[in-house]
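Some structures are shown below for you to check.
Heads up, the next two complexes both have chain A, just with different partners, chain B and then chain C.
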Partner chain A sequence: MASTGSNSSVRAAEAEAAQVENAAPAEVVVGLTSHNDAATIGAVVHAVQAALETAGRADTARLVLADAGSSDGTREVVRGLVAPPRLIELEYARGATFREMPYHGAPGRATALRGILEAAHQLGARACAVVDANRQAADPACIDLLMTPVLRDGFDYVSPYYARHANEGAMTKGIVYPVFRALYGARLRQPAASEFGCSGRLLSHYLAEPFWEAEHAAAGIDLWLAVAAACGDFLTCEAALGAREVSPRGAPADLSTTLAQVAGALFADLDTRVDGWQRVRGSVEVPMVGTVPALETDGPSLNLDGLVESFRLGSRELRDIWTWVLPPRTIVELRKMSDAPPDRFVFDDRLWATIIYDFAFGYCHPVMPRDHLLRSLTPLYSGWLASFAREMRGAGLAQADERVEQLCLAFEAEKRYLISRWRWPERLR
Partner chain B sequence: MTNDALWYKDAIIYELPVKSFCDGNADGIGDFKGLHEKLDYLQALGVNCLWLLPFFPSPLKDDGYDIAAYTSVHPAYGTLDDFKAFLDAAHARGMRVVIELVLNHTSDQHPWFQRARSAPPGSPERDYYVWSDTDRRFEGVRIIFVDAERSNWTWDPVAQAYYWHRFFHHQPDLNYDNPAVVREMLAVLDFWLDMGVDGLRLDAVPYLVEREHTSCENLPETHALIKAIRRHVDAATPGRMLLAEANQLPADVRAYFGDGDECHMAYHFPVMPRIFMGLHAEDRQPIVDAMEQTPPIPENCQWALFLRNHDELTLEMVTDDERDYMYLAYSLDPQARLNLGIRRRLAPLVGNNRRRIELLNALLFSFPGTPIVYYGDEIGMGDNLYLGDRNGVRTPMQWTGDRNAGFSRADAARLYSPLITDPVYGYPAVNVEAEESDTASLLHWMRNMIRLRRQFKVFGRGTIEFLSPANRKVLAYVRRYRDDIILCVANLSRTVQPAELDLGAFDGMVPVEMLGYTEFPAIGSLPYFLTLGPYGFYWFELQRPGR
Partner chain C sequence: MWEQVDRVLRQATSQIVDHVANFLPGVLVSLVLVLLTFAVAMLLRTAVVRMLRGIEFDRRAGQLGFAVLADWSSTASPSVTIGRIVYWTIVVLGLLVSLTALNATIPSQLALSVFEYLPHLLAALMILVVGAIAARFLARAVLIGAVNMRIQSSRLLSLFVKWLVLIVTVAMALDHLRIGRSILLLAFGILFGGIVFAAALAVGLGAKDAVGRVIEQRLREPERPDDTVNHV
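Coming up: the complex of A and B.
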């Protein structure tokens, strides 16, 4: 992510700094990140205001808007609902050009979050909640759940837990959560979510972290914040925020791009935090606040045959690439799976765990361009997803969570394999 | 790079002479341009600190330790701009850079000496050096280079006086009783630290001040001077490191740490020959003795450990019997002996035995201190006993099996030194390119070990306790730092050895072998039994069950 400076952007930044410096201290800061969200942001601001009113915090709270240069009147909508000094607008995107469009469609997200956290820090906030402006349904009670555990119960980090159908958020269920949990020992089930709450102590810690300007920060920053909370001496919890429905920002990224960005962000942290994760054994449950609702609608359907076919095609075309990071026994297993009839297509948990660890290792000890490596994971992920979705056909939330729990145990069990490879790397070819 | 002021405790230092590493301009001599080109190699090796031997203008009668100008670069190695570009590039790769500060003496070609010898006796210019009308002052002070010098005094016909030198006669000692000399050297120090250099190796530091009726070594006035230098560095450029070269007994070296207010680091000279002795005798006692006789040092200080370096394997700090043993064990060829030491590289010293090389490095990386790897030892380079002085261990780095070992594109006749060409250690057989392509090579092994070592601060910062298994061929010790407990066990013998370790203090803990992350049976109340292969070693993390 790069920004180009100009006189007007410098002046805007100075004005923004003055806005924060001159503001009275705030107990709570609610940060809104937006990008062309005029259709939804009004309802979100209303919900935030309602949550603050109900909690009696309206007078001691500030709304910090970090807009990524919207052209659809997003900021005007907010200005129509909240006025300074309760509203602080960050000008981080003015004059900026963002090279990378992350899969979630929010360019410059790391800069936006950093601005929100810096503002919260300067205002002396005890709690800061970050809320997405593209929520279709904004419930004040959910927004309150990102703040109250910090203010009332002393938690430092509140991670959202959205109720999702078995097939939804599969990348998180199949890769992000199991790896996060096995490596860092905290059972935060949706650690890359774009909403969270944090304490003043944690946000100070965040601001001292070196990841803000790291490569791929726009895609990885949400996950890295969760990792930093899990690796430090901080109390974490999950908040049941109900079902999450968001308006898509532009055309969705293709699977391969999304997977490369998500897995890349996950793997990028391994090298820098090696002192920590290699010392963690097992994992601990984190408390949950709020109640997980039942899902009323059916989940999205997946083309399972198409996913299996994608896996088979990858097995034929990408086998040579895979041999750079996967050991022979895995390649043989994958060939056998490729030959299996569709109704007997099963991706073993331990095999999946070792594959993800091998890719993580290959990412951190590069043997080929990282983007090529990560994109070659796509057919494997398709195969895993097909297997998972078939098994979860008709399953409810609890059954899906139970299945994910099994998968996580496999990742925990195979962590030794990753450490062993990491400790004494031998090139395969 | 971290902002940790104690960064040197976690460093892996790589020592190299610029002239020997890589020739970037095809004149047959290594230079900063060439070194710059090889930074990726060093980064991949995993070292995070480079120690450069002297690269200053010099007549090169003592391989650059005879400095003729302190604040520039010898033209053969490049320019100050080349050095700065190299320094920035090293920093960008997370590597710090330590250079030499030869405080004790200059070259006799240094303008200060040329001016001093013509200046009237008693004048400030004359007093930059130590003069005498007779060669009887400071009588009884030992001569260090016994093979080359007969006296510490040399007559200067221009000055019509003797000048004092603890090393070669062409290296007159500076006179630190003259405040102008102190000011000059602080300005030199500022010049390099302001440029961004991360540390200075203070060469020959025990000999800075002379007093009658003393050994002229380790004098209180010398320590006062070092304290003043440290105060100056801390005030002007905090976070920089001073490394003392004091080839003395541990108790005397300890003084160079002061109360944490002199040097940050100092070489542990005595342990190195005893490691070699223990290996040859297949007996841990010489090593344990050396470590147990090592005095404690202040929290902010660190020992610098090495197996081999650019000098001879010095035997100054061992007894006469031990020296005889070492000569018999490691230098039956008298050509290998120089001064009171053995001028050989690591691989030839241990008969090119890969297991011995690995064992010695495993000890180096797991003993308390900061390890120093000498260039070329990571690929098992050999030496040339028939080159003069210590030049046999300073031959061109062997990058490839191609012309000039990939070191230089110059005509072979122009190389500053002949290459190693013998069938065992010659560059066609031993070179970086070949070892890169061989996953079982020493180079790969070293990379893995360095990477693993860097992962555990306990090795650089932890305490050490030796265990006493009945089998003296087995060396076992425990390192502790914060929550980390590491058990190291080494077989100093060429044959398989059993070891029964008293690990009662760790009852219930599970040893996890660190290289492969393999869990071993839990420790119980009985002695813990291990079998070690020839020259085998284990590093175990002791983990609490269910942690």
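Coming up: the complex of A and C.
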């Protein structure tokens, strides 16, 4: 575990290590990640306890709390509900050591997850579920769905599938999932989600991975864990965890920062697995556990005109920067789109796929500072989101999934373009 | 009398021969130095160009902020331009060294003063290069940031930052070269004072209401609908 540098934290880390070493072996470990979540963590702990009792695993389970230095009494709430030896508290690096707050508002998430997985490994757990403490509605059945597929059905990795409105999670739908699926061949629709379940076998594999200290780890670790599971010889499945309502942690990061962190994490991992993804052809469906509920509320609204205007402004002002990564024909297409009237503003799937691949290539073969490159993607994302949201106006969950499926097929079809750019970088300029 | 004339002539001739004999080795050495200079300069130019091409300098020049090198010459690539700079620097230095070999007072003093000035010249060059890179980096960062904040005059902001950094860089370089120090200081004072004064007047008189509205919006307006969506 990383220490905070102070004597007190070193002592706490030593105490934590002793706590894990002295604890009796556990069949299941539930890891809780938190950061100023006093308002919600109580309900989450209750849900975890209820899930474990229902499954008859309360005696053989441990709750591992990885708290990122909360100042609102989050730890005290948990201590009031669970006592050692069932509760193990981890110490890890606090806010001051982090340069930039990740978009999800939980600093040091990679260190927290590593601590949870190490504890689970040392306790000899057969299954480990990681739950985020900022859930507003914690359902014991959802917690159980992260563990049961591992313990009963022999799956190694359980990826959550939350029912979300068409406009929600657009970055996942438009960039992360299509690229993940096209490159690694697994149809895990929300690979960057902050909750998951994994087997003891996968735990050992995760702990041997080199990405824990890498750049972007704080923001991208959840995605990288999903990638590691998809790339290895592991059985994966999705668990329908219902609608996910979370309590925001502080002020949300601006769109440009969020996009830079998410896309940066995705592209950075892509660069380290070149040999693997170039061999993957097509994609395979992943079994789904649980039932996807219907959405009862209306989705959040989007300022479509503002998004289109953002795209046009970017198209006008950032064209010189885009020419560093995008080929001339893409620039021409973008110019045409920029000149189109608002009611005919459509972002073609294949064009979007090639743009994302071009940016991925530009990220891995730097043509300018990476932060500049990633942030210059924001107007393009705004344009794509405007087109997608207009098309999905009033659409339900099934229609949105169908549309995302079409988009993913375009990404799969254009994968050869990415491979060509990788192998012959100058040919396509 | 003829004997005296003959003696004087002999003395003059021997003096001239002595002078020529003293001067000739210097000429020979300086000729050799000139030839060596050109040979070394050509060799180094070739080596530098090859090395830069080996590390794909031409492709990376733009991203490193050296696009200005390509702008200097419309036909030569950045690596060739740097090769030429190296070549002519060595030629000039070699010629100065060869002048000192002639043992002539004025050329030697000139060479010495140039050598004394050389560190300042190199430092100024370094300041210019770093400044050009910083200007390009900051201008691009401002442009992208402003576009993402949907500021319509993003390009203007970016250009302002770029030229501000470039002007400061050039001023620093000139100051380092000890060229027009007092004029430079005065010009800078007037220029920046003028800009700040003009900006204060523009905001205070011309855009008072607009600035007030923006601040009021910032303080009162709820978040825009598209900001409440969870994108990930």
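Note that in this section the second predicted complex is superposed on the first by the 418 of 429 C-alpha atoms of A that agree within 3 Å, B and C clash if a C-alpha of one lies under 4 Å from a C-alpha of the other, contacts with A are read in each partner's own complex, and residues count from 1 in each chain.
Following the convention adopted for this analysis, contacts are C-beta pairs under 8 Å (C-beta built on N, C-alpha and C of every residue); 3 or more make two chains touch, one makes a residue touch a chain.
Remember, predicted model here, so these are calculated numbers, not experimental data.
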(Q) Quick check on the chain A-based superposition: chain B and chain C, clash or fit? (A) clash
(Q) Looking at A:R416 after the superposition, I want to know if it touches chain B, chain C, both of them or none. Which is it: first, second, both, neither? (A) first
Q: Answer with first, second, both or neither: which of chain B and chain C does A:S376 touch in the superposed model?
A: second
Q | Which superposed partner A:D275 touches (first chain B, second chain C, both, neither) | A | first
Q: Mind telling me which of the two, chain B or chain C, contacts the most residues of chain A?
A: C
(Q) After the superposition on A, what does A:W424 contact: first (chain B), second (chain C), both or neither? (A) first
(Q) With both complexes overlaid on chain A, does A:S71 touch chain B (first), chain C (second), both or neither? (A) neither
Q) For chain B, which of the listed stretches 22-30, 94-102 or 400-408 runs into chain C? A) 400-408
Q) Okay, in this complex, where on chain B does chain A touch? A) 439, 444, 448, 451-452, 455, 457, 483, 514-519, 543, 546-547
Q. Once bound in the complex, which stretches of chain A touch chain C?
A. 103-104, 167-172, 176, 192, 246, 252, 254-256, 258-259, 262, 300-303, 306-307, 309-310, 313-314, 317-318, 321, 324, 366-369, 372, 375-376, 378-379
**Q.** Complex contact set, residues of chain C against chain A
**A.** 62-63, 137, 140-141, 143-145, 147-148, 150, 152, 154-155, 224-232
Q: Using the touch rule from the top, collect the residues of chain A that touch chain B in their complex.
A: 274-275, 278-279, 281-282, 416, 419-420, 423-427
